[in-house]
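Following are the structures in question.
What follows is chain A paired twice: with chain B in the first complex and chain C in the second.
And then the complex of A and B:
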């Protein structure tokens, strides 16, 4: 099946702009916010959201990078270990409102791992979750606080987020995964 | 693989590591070295945090099986395993059924029967861990086999150098002392030359290895030198080896005092090296035999760093080796 484009470059720009406004609206004290991108594509999204907030409100939001590979719950069952990358959080997260940013919210397992990783780094006053796409099929009781776009999907479909920083192109698409359902 | 895990794999960059065992690094590619170094950087970051523990190896059991005494290697592996949330069982040959005559392969099978996933092994005989790996279902990590190999020591030495030098390629690295009996030297030679350094082995002729000369390209980067001032001239890294008194019964050196007079690493001799020279020692140090205490604790010494980096490197190795079901 050919991929169907759900969001193009302009759509992504407007969606992130709207999410930035929602973040401003629901957080009275912007100086307490720290934006943390979940590797890989959460990182450019966190940077963009912080840039929009700066443009709208003149507030400089620190942006960090979180690699949660060591906290995944499927490490023992994978064929190859995920490559671990660095985590860098610009300042302490104690007492801060951490907004975790990811591209796609699916089973919720990545968000769970990311929260565990964060809590080992300190005690934020709150953790919120911002995702560009929520495609459903949660396996854990997790929901996002800021959602760019809800994309109802079937489990044998794949939602692909491409961002110019990582893929030289801004685009969200959905396609049938021809491999899915096969007995491997 | 289920449909679900397939979807979950989307967008996750996997490592290119297909080793079930870590027995030697003589066949490592530069990208494998690179992967260990990068993974160790992340582990070092974990070690700098208030909570120095991650759940990556939860549910895994790691055994240490040591037929030779060891302080730093065994405790370093044990802590590495614990920092990754694995369970650890320690077996020393002197206090186990090995003392009753149980052979190596039976011991390995016994440990596997109680659920060991990774076995870290040290043995006085070269090739012992290769033998164990042939019969083992678990992963074997060689923590030293006779005078043959000590791969994690070489990896941590490489990692420590990279914390002080931009790259290994082009460095002049001097390994000083009894390189003939040293598994540390042997593993380091493969690692350093694979990364493009030139290695000078310095010591009395009787303590220099044989068989490291020939037509093969790797040998062109290995030099043997019996004159310490020539060896140290312009060196970027000097690694003094421990004088292994337990392996000196063959009478390869006439007298330890003669060795000290000719080959001890002193600050006067070190002056011939580059001003930014890095001084290393795999430990334990025989102070004032192979290295003067002044140099061992001097400004060029990274000996303590080697020990703390060893923890990060061993965490990296354990993480990489426990992935999936490799055959």
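And then the complex of A and C:
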């Protein structure tokens, strides 16, 4: 099966712009928000959302980076890269509304791990989830608050998000798993 | 204009002096340190969290504050009590005065009192809680003190530990391929400085991580850092240490020594006035050698409960307390003193080389 491109560069720009508006609309006090990108592709997405919010509302949203690999539920079974990737949170998260940002929401296990990692850093007043793509097949009771695009997929398909900051290209595509190449 | 301040101890003793640094109130356990220099390292040593520190040396601040001699990212003590605070430091690296540094860290200081007589009182009666204040009357200060939690009942390590893991800059010139984690219960930067000079890649991890999370980072060895507080309150970390001891070489420093002791069945007790200074003699039992060491601890290991192959390796020459432990079979050893010094004599830094050698030997097996 040929890869099907679902969002191109312009689509991603429009989608993120709309998500930024939704975030502004549903959060009256933007000064309480802190945007935290989940490694790897959640980080450029968080930066872009913050930039849109700044362009629309003149509000400067702090952006942090979260490495949640130590909180995965398959720690023992997976052969992890033994590396400490940096987490950096610009200010404390106590009492803040944390918007976790990721590229694809699939089983929900990454989001759960990220929430566990966040709770170890402090007590935010709320945690919300923003994803560019929701492809279904949840294994945990988790849903996103801001969704870029719902892509109904089958389990043997692979949704791949490429971003110019990490892959020199803005594109969301869907593959059959056998052709998906390296699963990221 | 000099501003009056008081230091009140829980036994009702009142000492009058002058305020410097922040004019906030400061409550903590009052302890003395006999080092002649190294006040910047002492102020930033996380093992002094929750304490008011009195250097016995009468002139403090004479070489100012620089950007290098820090052991953590902030001032950790709750108060600083000196005989004479030098306001005109003379040193080519001095960027700030002690007064400015304490103000910037919101830490109260008091000067102009007889620190040696306070020290003698603490040696006679044992360490006690105290308060520095510029606004309270002695009676009010004593009231505040009585309603404050005691040092040994409080938990400090979650406040001084790093919130998330981080890497220390690599030493590009010499890299021996080893990767060592420091379990941060109140770590001092000197440990990282010395280890990375040895060519080891160093990462620092929060003290709340589980053994599984720690082992997923595939460390070649783990250093259990020094830290503040009562080791009897740290059951979670003791459990972690026991599990790690079977899996990976361990070196414990100060609190790390106490955690290893507890993991192998021993308990710890509070000492009368502790060991804090740069000239504590310890005896190495294996060869009868005496080392002069830097120390900062107010709790000690009771050797009676030691089991499962853990043995005493060093004792203090002055009072016979446990100063080091070694395991007969596992690659595990620890010292109660500060092998990273800072401040204090560098004689014991050989222990870090010993740890690297121990890891290499256990990797060969």
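In the analysis below, the second predicted complex is superposed on the first by the 172 of 184 C-alpha atoms of A that agree within 3 Å, B and C clash if a C-alpha of one lies under 4 Å from a C-alpha of the other, contacts with A are read in each partner's own complex, and residues count from 1 in each chain.
Everything below uses one rule, namely that a contact is a pair of C-beta atoms (placed from the backbone, for glycine too) under 8 Å apart; a residue touches a chain by one contact, two chains touch by 3 or more.
Just so it is clear, the model here is predicted, and its values are computed rather than measured.
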Which superposed partner A:109 touches (first chain B, second chain C, both, neither): first
Which of chain B and chain C A:10 touches, first, second, both or neither: neither
Partner chain(s) touched by A:86 [first = chain B, second = chain C, both, neither]: both
Contacts of A:74 with chain B and chain C, given as first, second, both or neither: first
Touching partner for A:25 - first (chain B), second (chain C), both, neither: neither
Touched partner set for A:158, first chain B, second chain C, both or neither: first
Chain A residues touched - chain C or chain B, whichever exceeds: B
Partner chain(s) touched by A:2 [first = chain B, second = chain C, both, neither]: neither
First (chain B), second (chain C), both or neither touched by A:58: neither
On chain A, the residue positions that both chain B and chain C contact, one per complex: 67, 69-71, 75-76, 80, 82-84, 86-87, 117, 120-121
Residues of chain A that touch chain B when the two form their complex: 40-41, 67, 69-72, 74-87, 103-104, 106-107, 109, 116-117, 120-121, 155-156, 158, 160, 177, 179-181, 184
Chain A-touching residues of chain C, taken from the complex the two chains share: 163-167, 179, 203, 205-206, 208-209, 212-213, 216-219
Residues of chain B that touch chain A when the two form their complex: 1, 3-18, 35, 38-39, 41-43, 45-46, 49, 51, 53-57, 59-60, 84, 319-320, 322-325
Complex interface listing, chain A residues touching chain C: 67, 69-71, 75-76, 80, 82-84, 86-87, 89, 117, 120-122
